[in-house]
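Note that the chains are named A, B, C and D in the order they appear, and that numbering of residues resets to 1 at the start of each chain.
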């Protein structure tokens, strides 16, 4: 099972969501719930820390595709932070790297929203 | 469990989706899968026959909210056919009756797409 | 009292249902509520809506409070008299006050294709009072009240006063 | 052969994994594939992608072919030699040919917030051959092939020829 977990914390006007484990067809709904909950609490500036994600499949990437429009409509965005090379490659393969913003650390990610 | 079922069939350029049973937080994902599958097969003109749906909650209505935009973006729509008064009332309570098109029978529903 | 399996009880205080946190039990909740509203003084036209409001409250607990871990218990108790139907929904999951959630703009919701965030809105549309309290010993208690005779309401969502009562 | 529980086997024909149709088994599929690609001649940079392609194929079967009813069996068999890695994924759920699905336009997908329809696209991006056949006795068989030495490809999605082979 590898132990999947998601934790959220406020980070300078944005929310930092730290994901650990696999983001696959088994776990993606938890990720989706987390983001929908943030939206329902009017948080639309979301940084997803992917450094602890060993693996992502299309179901995992789909969560971000489904969410970015709503985030942007509400003056926010989804910034993907520190994907591992394997995870980044999946975004590349899907053609998503041209669409999502990536950041190397939390500071840069949070600053993205004030720029 | 009351037996939940979904059946789809082509109907004059559209797809008629017949739903039976409860459309609640337990069953909505099946409805969502069905609609996403139609989208992935490039069917965007969708008539949902609700005459066999005894009960709908916000999770069920949410499926149609999540889908109508994609349908309309692709020159289609979601037409809701023959909701029972109880089900129609839920759409009214949510303020969705102003947004969705309702039809009394399959003919009218399918014709909606050629008008 | 402590009973893992679902159980329906009746005593002087009213009727009670205890279920496990699994969405397949929602139809059980609606059957239970259906009996309760039928035995109440509520006008028939309001009964289905009250069943819906309770379904929404319980579905929320399953999805958010217990986060889809099927290991929690949810207790629903119902009391009614000539004036009101009062429902208490109790769980020992994550602390949560629905009053922290603002009302939605349905047009915007549809525009964005957001399919969640409707349940609390619906609960408020239907019930006359939606009140939350957190009890000692890690317990959420949601109190839903519907008046037998509709009172004039300033808007669709009213949060009426009055202290939370124990189950 | 017929074995309800998951089972991993090895014979002259290659390695085989049999699992139940439950998404929690996907990590098991990836572990199995990880062993297979490590033992193959595939360049290390391609290995993770092949694991992903098989995960997508199996996840699709779980979601669509067995429609989330956890009662089906999925069999994965792998053969490899100096030239290619060949994977067969078999299920006895709903008949389905992935070649009936057109490639997506990712920009439009994101614009509409559509989070599904990516798996087959990804499978085609990664594998050199994606081929489907329906076998007597109600069985879907998906054949995925990756060449050890990349061949020039006309576009992202190639459906190469060649008859489907039995498992």
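A few comments on the model shown:
The rule is short, and it goes like this: contacts are C-beta pairs under 8 Å (C-beta built on N, C-alpha and C of every residue); 3 or more make two chains touch, one makes a residue touch a chain.
All figures in this text were calculated on a predicted structure; none of them were measured in a lab.
In the absence of chain D, chains linked through touching still make up one piece.
Compared with chain D, the chain whose C-alpha mean position is the greatest distance off is C.
Between B-C and A-C, more contacting C-beta pairs join the chains of B-C. The distance from the centre of chain B to the centre of chain C, with each centre set as the mean of the Cα atoms, comes to 27 Å.
A separation of 31 Å divides the Cα centre of chain A from that of chain B.
Shown for chain D are the residues that touch two or more other chains, namely 63, 111-114, 116.
The multi-chain contact residues of chain B, meaning those touching 2 or more other chains, are 69-70. Touching chain C in their complex are the following residues of chain B: 1-2, 22, 24-26, 55, 57-59, 61-63, 65-70, 86, 89-90, 93-96, 99. Interface residues of chain A facing chain C in the complex, by the touch rule stated above, are 29-30, 33, 36-37, 39-42, 69-70, 73-74. For chain D in complex with chain A, the residues that touch the partner chain are 23-24, 26-27, 30, 48-49, 52, 55-56, 59, 62-63, 106-107, 109-116, 118-119, 121-122, 125-126.
Residues 63-64, 67-68, 100-102, 108, 111-114, 116-117 of chain C are the ones that touch chain A when the two sit in their complex.
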